[in-house]
Structure formats: structure tokens, C-alpha cells
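Some structures to go through are shown next.
Next come two complexes built around subunit A: one with subunit B, the other with subunit C.
And now, the complex of A and B:
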């Protein structure tokens, strides 16, 4: 018969890898962040001083508000557009619906570096496709990346474009799990399309919608690549969001103390989102 | 615009055919144009690139951009990435299958909290930027940066939680009577896993493997920071370095970008259905 430890034996290899790469660094990072750091080496214990320095950093509040703005707008737009697309694809014949899914998922399976690079080349660059079309129509050039507002707008556009396919697939799976009878019953009762959506589909889609919101929030907060490739955080600091700020502190300014404390604050936000995710996701034990 | 055969079967929102066609056109342009335009650019000479109005097909295709990219060492980066991703897929399946088996078929102390940890780690390993700095200083301390195994190890840990989850989900569908029959025949647990369960979970393994391949091929942040030896540098940081190196020379840049997504596109064309099912089953990852 099975001894109680057989199962444990089977998970040891996997958990060793997770422990080494995902879990222990967090504990080491917390210990590290409570010390005085000089040239990457650990000095005296200083308690929370590295964290309080962050609060006195004059750039900190701007970075936070830009991050909140970028993330919330990207998430709202992605969810709204992907929900509309999902409803549309759901009404298509299966083969065409699958084709649309395959097209929309392409930016998502492409790496963020390459996707952002191609997006920049085609839609933004002065000799790219979009600008050439503008010029052929005798319209003036637009220098999106030189203006703080349009640079941020463009960063949001890339974020939405890149993640739309992911959201579409999850929402579509949610839509497919709604029994057809519910919708037929509603239309027999004389409900219009909007009423059916509002009272039948939306409530039944609540869990997948919330899961999508959480995952999109997580991945938008943590995206380094798209601001790095698109704007480098500029012009000025117009697109300097938290993830690229942490990255720059550590690997451009070599300030590991503030980078680690900021990364751990970010990590805490991530953990809160993950807890919400775990509560929502249907996982059986 | 659209014939009756392709009309929506059930109309949730009453859209007109023209609108549907327009929407479809917009989607195609937004999602495929960068790929196609990037590919055409990669075949253009400097002179054709700056021509106005730009040409779509009326130019002399040249492989000069690709030659320059390979001359700058991109071939090695491609080989490195291919090796890393293959090792990651193998490791993820080797570690993930036994773990999924344990979570699905055994009772052991701590099973519930440990499974919770796995589920929580799926979206957590997305938090690359936040996890990266602690990961970096820890690996620096242990002397684990800049080795041939550094990145495959990190990729494996990032991709494992979702793989365990997908594989466990597939195993749930296999009736336990099969295990019991095998036990009655005197088979051990490992034999059951190997001969009874493994042949039945191949679609799950495929989905988990494809997700791990795409995830590790596309990883950028850890790849940039954890190794600085060019011989160990995978594709994504190599492309990023080209942005600084080639500046505004879009010819070689788009050649590198196209080469960088080629393996993903091949995998996608062959196994697109597995990616969709992996995404749905894994139900996370952005």
C-alpha cells in the first residue's frame, strides 16, 4: 500500500527547482533590503531605512501614478475590447471563430521585445507603414514619441494590442460554458440582445472576467520590455512606469538597495493580486 | 458583403455584414501587418527602404540584412535559445509529470497548501520584474549567474507551475479504476505512471510543453540580467542589443526580429490548437 511519503517523494524534484528560483530569493531579498548596501555587498543592519528613502525620493510618486494610469487604462481597454470581440467570435461559425482567435493571438505569442519592435516600426516610425500612408494622404507627420501624452497613449496601445488575444481566449472559453438554453429562454421571454447580455451573460461571465482583470493587471504592472523598447521611459520620464524604474535602478544606476526594496513592494502587490486570483480560480484539491 | 453561409448563426448583437467585414479587416491589419511589413522590410535594400511612396512588392529582394545579422553573431544566439528552450521543455515535463501525478493520485502531508502554492505560483512567475531583482542578488550570492545552466534553470522554475496544473488537469480525467486494476496485477506506482497514465495524457503533455517552449523562447528580463557572456546570450536580449547597435537601420533590425519569431510561428502553425488549449487549461499567463 501507499505510504504517506510516496507522494512527497514525487514532488521533491519540482519543488526543489521552485524553492531555488522562486521562493528563497524572496526571503533573501527581504533580509538584503534591511541592510546597508554598498557596491552590492551587505553591510550593517539598517531596518526599514532603504524603504523610507524610497518615500523621500521625489520621483517616486510620479512613477506610481504613471503606473496606476498605464495599468488601469490598459486593463479596462483590453477587457472591454476583448469582451466585445469574444461576443462576436462566439456568434461566428466555429471555423471562422477559430481563425479570428488565431489571428488575434499572434501578438501574444510573439515575444514582447519583438512585438513592440515591429509595432514601433510599422505604426510609429517616420518611414513606417502608418506614417507613409499619412504622407500619401498629404496629412502632416505625427511624432507620437516626442510628446509625453501620446507616448503614454502609444505605450497603452501596445499593451492592449499585445494582450488582447489572451483575454479573448479566456473570455471565449467562459462564454462557451454558458448553456445555450439560458440565452434561448431569455429570447423566448422577449429579452433583447442588450438585456440578455446584461442579465444573463455578464453575471455568468463574472469569474473569467475577474481572472482576466487580475492577470492583465499583474502582467501590465510587471512589463519591462514594452516601455524599454518603445520609449526607454521617455520623453523625459513620461512613460517611466514602476517595472522599468526598478530595472533601471538595479542595472543602469547599480543602486541595488533601492531596487530591491522597490521590487519587494511590487512583489507584495503581486502577492495580493495572486491571493485574489487563487480565491477566484476553481481549483480542486 | 458576406454570403448567407457565413452569416452568424445566432446574433447576440445585431451587427451588419459590412461591419463584420470591416472589423475582420481591422483585426487582420492590426495583427498581421506588423509581421508582413517586417518581413518585407527585412528583404529590402537601404535604397528601397527609404523610397517614397514605399513599395509593397516592387523591389529587388536581398538577403543582405540577414547576412549582416548573422555576421553579428545572431546565429549563435538562435542556437543558444533553441538549446535553452529544448532543455526547459524536457525539464518541465520530467519534473512536472511526477508532481502532477502525486497531487492527483496520492494523499500526503501538506498536499493542500503545497498545491495552493503551485496555483499561486502560476501568475506569480509572471511578475518577472518584481521577482527578478531578489532572484538576481540571490543567484549572485550563490554564484549561479553566468553559467550554461543558469537560464534553463530559471525558465524551468517559471514554467513548472502552469505545467503541473495543466498535466494534473489532464490526469483527473483518467479513471482511477485503471490504477486499481494495475495494482491488482502487481504493478508499482512508477509502473502505473509510466505504462498506464503517461500514454493517456499526451495531449496535456503537448499543451504544457508548447507553453514552456514559447514562454522560455520569449523570456527577456532574466535573460538580459543573469548572463553577460555573449556565448550564453539567448535571442531576446540579442535582438534588444541590436536596437542599440543598428540604431535606425530597420533592415537588419527587422531581419533579426523575423528570425526571432520564426520558431514561434512554426510551433504555432503546427500546434496552434495546443496553445489555445494550454491557455484555456492553464487559465493564466498574460
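And now, the complex of A and C:
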């Protein structure tokens, strides 16, 4: 037996498990989406009819645009805030820096459902804490969960608050890996803080930044717990984004065909994002 | 000596293990999916736990395993499990998907399994609109339990405080006037208690309260071909009645995003005096508020003396057509829904009786203060009720109407346009 075939033999069990757990549901989903589905069972082959039904659904374009809006704003805010926090924590003495890190990480390690419920109870109706604060300050009432804009704003706020800890850890690790000599040299050359950040720190943070952006984008696109618990996709369709649309189609409307088709479109987006990461990570500074 | 002792010990252990194993091996398992958890403390859950315990004591060769599910996903999940051959032996099917369940061939014919063995008096005891709904082409596909009548649930103490007699709520205008009287504000002008509310979230949606308005007008909710008929004049008037109450501050605007559970929480917290509520949840509300603080009445009508039909619902208990334990399952279903189960559901669970004889035998119990809602719901079911059709799927109609309400309240959409869009969405979803 050659060493090559011996090597292959070692990876076959792990690869088989991977195939079974990761890939076979995707292949089954594709096959499922090409057939008529009735009562949860596979009927006649219908080709791309389920996809064309999905793409001609009048609500589909709204769902896509809301998802793009929610995801891009969540990612931009999370990256901006976590980068600022990372720079600040990096400048703190070790103990204080550790304490701040711990506080910021807590939302990340909290269950998404629990975290969203906490948000909901702060902002719900006129018995929530937010309303009490507004009234204490003699400000007009805001029905946070009833207004389409504030409901979407809250959903983005939950997303940012929840993922800040993760982004901070990655960016902080990236910052710590930048040799101090570069910063010193820049300082000796008369570069200001902003110039140092723009021309030294940011380019050297390219890889962790890219990782954070891609992971946060994937996470935001695929999250269903927050919109489900916070708004249920409402009011109206104001917070109906891709993941909760898949959930509603499958488990509320029992439309398994369009739910599977939409889930596969989401899967394709995920794959394209990962490929983009792999491609961009090779980009030299 | 030691060897003999050891040998005796080993033999004794072997006999014990064999006896245990053979007993376990002989016990047949019946799996049941329901939304009730026998470990729970709600009255219906306590009743179910008692029924399972009593059945297992009477039938030691049958183990009943209850697997609680989320109610609004249970029936679609069952239909998918039927397709994959892994469905439970006993299933509680929701009315909205009953037609789908029957057409899918997932339910066994109960005539063969138990009904044909019943005496004629027992068959007559069950016969009513619910029974007829599950009887298709000479086969019986389910027996209804947890019969629900969705109507006006109110706080009799708060109504009495405001000088309102519930029997005077004869018309929709009377209901609105009562809601005005019952809405209370504090010194700063903030509402501390609303007169009336329903819940309009698409998640865990109850039927919309505008439906009685449509049905009272004589219009059907669905055309004979299964297409929705939401945007009729009666539909527009019905939706306008409730959205106007919200705009006038008699109902909370937050209700646009409330689930039914949110609504009941608000009602139990003294924040709302009257709600659209289900008869099956009254016992739970009473356990929080007290028996004398929760009551039910029939919907008012367009004119005095004629109640608007309320949506009736319930859970049709069926046996999976692919079950390998159909006989054991049938035995359990019989015990659970007939004698002694029906009495337990009523006395312990606070449910509307499924058998006419239970209604008669428990007359004294039902007439006790706090239990009158059982009689109201039973009367309503007989005289002013509507069951969703099973000839075609109606899944999604509740969500469609709630979404229309949200569009009117939140986006300011025109009522007729919102209902027309709801019709289109429902028809498209159901392939009509």
C-alpha cells in the first residue's frame, strides 16, 4: 500500500462524516427544491418552478432589500464601534483592558434568545423601561416595536450589541500582532495619531478586518432568533428579513417548496461570501 | 460455602434482570404529540397527566410517551413526519390543517379501530358538528378535544365597577361604548387600562375578531373554490371597527405586534378589561386571577338578540395511519376522550365537554360560580359557531388577516387595499 493511499484511508472516515452531516442535506435540499411538495412529501419533478414562484413573489424584493439594509448597517456599526473599542482597550493598562473586554464580551456569550427578550422587555409597549425614561424626561411616547423604522433600528441595535464582543476580540488580537516598532517609527517620523492609524494600523489590520466583516455578514444574514423573538417580522413586514422569511414559509405557512428554494438561495449567498473572503485574503497590502 | 452463596446471588440477579427485561419488553409504547406538557401546571396539563397516569395504571402493558410540541407547528411537522415514516402514534391535529391531514392519508380510520365497537348510545353521545367535520366518505378520522370557542372574554369585576351589565352588550355599538367606559387614564393622561383588545401578531395567531362581523353579514369567509373573501364590505367594516378602537385609544396600539400569549399576560395584569379570548384558556386565566374574575360571553350582533357566529376550533385527535401500535393507541384515545377522560378534561382541565352526557352529569359543576363559561361556550358552539372548512386548505388565513391589520395600523394602508392584498397573498400561498 502506498503512503498516498494510506493517507487517503486516514481521512475517509472524517470526510464521510462531513459528507453525511454537512453536504448531504444540501444535496437533498436541492433535489427537494426541484420537485412539487405536498404535505411535506416529494411529488413530481417541476424543475425550476419553485424558484420562479419565489422570484415572482411580490414580497420577495422587499425581503431582499430589507436584508441588505439590516446586514450592511449592522456590520458597519459593529465594525466601527468594535474597532474604536479595540484601539481604546489596546491603550489601557492590562488589568483595566481585561475588565473592559470582559464587559463587552458578555452579550456575545449570552444566548441570542435571552438577549433579544431582554431588549424586548425594555422597549415593549408603555410598561417597558424605555417608555418610563421618556416620560420621566417629559419626551413624547415612542412605540418602539410598532413603528417600522424604530423596529428595524431595534433589530440592528440587538445585532450590534450581541456581536460587538466577537469583533472586539478578533480586532484586538490583530492590533496586538502589529509590531510596536512600526508605531514608534511612524511617531519618530512625525506622523500624527490619525496618520498612524490610516497608513500603518488599518492596512495591517486588513486580514482580521476582512474576517470580521465576512463572519458578521454571514451571521446577520442567517440569524432568525432575533427577528423572531423581537418583532416576529413585523410590524407589517418591516423587519421581515431573509432568515425569518424562510422560517415563516416553512413553519407558519407550511410552504416547504418555496422555503427550501429560499434557503438554498441563502446558502448560495453564504458560499459566495466565503469565496470572496478567500479571494480577498490573498490581496496584498 | 462462599461459592454457593455467590452462585445463589448471581442466579437471583439473573432472574431479576430477566423478569425486568421481559416486563419492559412486553410493554408497548404509544407516542403522542400534543401541545400540552404533562409536567406542566396549567389545568389542561394537570388533566392530561392524570389521564396518562390512570390509563397506565389500568393498562400496565402500555406505556404512553407524551412529546410536547409547539402548537402552531405541530400539525405541519406531523405531516412531514408522516412522509418520512416517523410520525407519532397519536396526533392532535389543528382545525386549520385538518383537511390537509385527511387528504394526505396520514390518519387512520377510527371506525375500524374503535368506533364500530361502541354501543349506539356512545356514538350518539359524540355526534355533533365537530364529529361530522372529521367524518369523510364514511370514515372517521378524528375525535375532537380541547374544543375551543373564541369569543368575548371579560373581567366581570371591572365591568361591575363600571356599572356595565355583560348581558347588555347586545350590539357592536354596545361593545364599543363599554370599551370607552372601561378605558382608564392616570393623572398624566396615560392609559392604565384599555377597554378592549385582541392580538394581531402573525406568530401564534388566533382568528381575527373581524371574522364574526363577516359571518354575521351572511358572507362566507372563503368562496366554494377556496379563494379568500376578506375584502367584502362586511370585512372592511369589521376591520375598521377594531382599527378605529386602536386609533381612538380604547385598544392598545402595541396589540399590532402582540401574540396571543402577550394579550393574555396583559389581561392577567389588569391592563385590559375585555379581550377576544379562547374558552380553553379561561381555566389558566382563572388560576392566575381567581374564578370570579374571568368570564365569557357570546359576541354581540349587528342587531340585538342575534349573536355573531364565533370561530370554533379545537384539536382533532387522530391515530397515525402508519403506526405499528394502532390498537394500543386506539385504547388510549378511547380512554382519553371518552370515559373517564372527558370528565377529567372538564373538571380538572376546565374544558368544554366532548360528550353530551358529560354536560348533563356535570351540570352542578358547570353551574358553579366561575364555570359558567363552559355553558356559554357549549351554547355558542351549538347556536352561533363556525368551523373552518376542510374541503380545501385554509392554512395561513389567520396570519394574512393579522398582517392586513398591521399594514393598516402601522403603514396607514387603506383597509380595503390591505384586505385585498391579504386575499391575494392567501390565494397565492395556497395555489388558488
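Note that the second predicted complex is superposed on the first by the 255 of 285 C-alpha atoms of A that agree within 3 Å, B and C clash if a C-alpha of one lies under 4 Å from a C-alpha of the other, contacts with A are read in each partner's own complex, and residues count from 1 in each chain.
The criterion applied here is as follows: contacts are C-beta pairs under 8 Å (C-beta built on N, C-alpha and C of every residue); 3 or more make two chains touch, one makes a residue touch a chain.
Remember, predicted model here, so these are calculated numbers, not experimental data.
Q: Should A:238 be classified as contacting the first partner (subunit B), the second (subunit C), both, or neither?
A: second
Q: Which holds for A:148: it touches subunit B only (first), subunit C only (second), both, or neither?
A: Second partner only.
Q: Identify the partner contact of A:272: answer first if only subunit B is touched, second if only subunit C is, both if each is, neither if none is.
A: neither
Q: Should A:163 be classified as contacting the first partner (subunit B), the second (subunit C), both, or neither?
A: first
Q: Should A:134 be classified as contacting the first partner (subunit B), the second (subunit C), both, or neither?
A: After superposing on A, A:134 lies clear of both subunit B and subunit C.
Q: Could you look at A:228 and tell me whether it touches subunit B, subunit C, both or neither (first, second, both, neither)?
A: A:228: touches subunit B and subunit C.
Q: Residues of subunit A touched by subunit B versus by subunit C: which partner has the larger set?
A: Looking at subunit A, the partner in contact with more of its residues is B.
Q: Figure out whether A:251 sits in contact with subunit B (first) or subunit C (second), or with both, or with neither.
A: A:251: touches subunit B and subunit C.
Q: Is A:124 in contact with subunit B, with subunit C, with both, or with neither (first, second, both, neither)?
A: In the superposition, A:124 touches subunit C alone.
Q: Could you say whether A:39 touches subunit B, subunit C, both of them, or neither, answering first, second, both or neither?
A: Touch partner of A:39: subunit C, not subunit B.
Q: Intersection of subunit A residues contacting subunit B with those contacting subunit C?
A: Overlap of subunit B and subunit C footprints on subunit A: residues 40, 125, 127, 135, 228, 251, 256.
Q: Which residues, counting only subunit A, touch subunit C once they are in their complex?
A: 38-42, 57, 59, 124-127, 135, 143, 145-148, 151, 228, 231-238, 248, 251-256
Q: Within their complex, state which residues of subunit C touch subunit A.
A: It is residues 72-73, 76, 79-84, 97, 100, 103-104, 106, 188, 190-191, 201-203, 252-254, 256-257, 259, 271, 395-396, 399, 403, 406-407, 409-411, 425, 428-429 of subunit C that touch subunit A.
Q: Looking at the complex, which residues from subunit B come into contact with subunit A?
A: Touch list, subunit B to subunit A: 6, 8-15, 20, 23-24, 27-28, 30-35, 37-38, 41, 49-50, 52-54, 91, 94-96, 98-99, 101-103, 105-112, 114-121, 123-141, 153-154, 156-158, 160-161, 164, 172, 189, 214, 217-221, 224-225, 236, 239-240, 243, 250, 253-254, 257, 260-261, 264, 268, 272, 275-276, 279-280, 283-286.
Q: In their complex, what parts of subunit A are in touch with subunit B?
A: So the residues of subunit A touching subunit B come out as 2, 4-11, 13-15, 17-18, 20-22, 24-26, 28-29, 32, 40, 87-88, 90-93, 96, 100-107, 109-115, 117-119, 121-123, 125, 127-129, 132, 135-136, 161, 163, 166, 169-170, 173, 183, 193, 196-197, 201, 211, 214-216, 218-225, 228-229, 242-243, 246-247, 250-251, 256, 259-260, 263-264, 266-267, 269-271, 273-275, 277-278, 281, 283-285.
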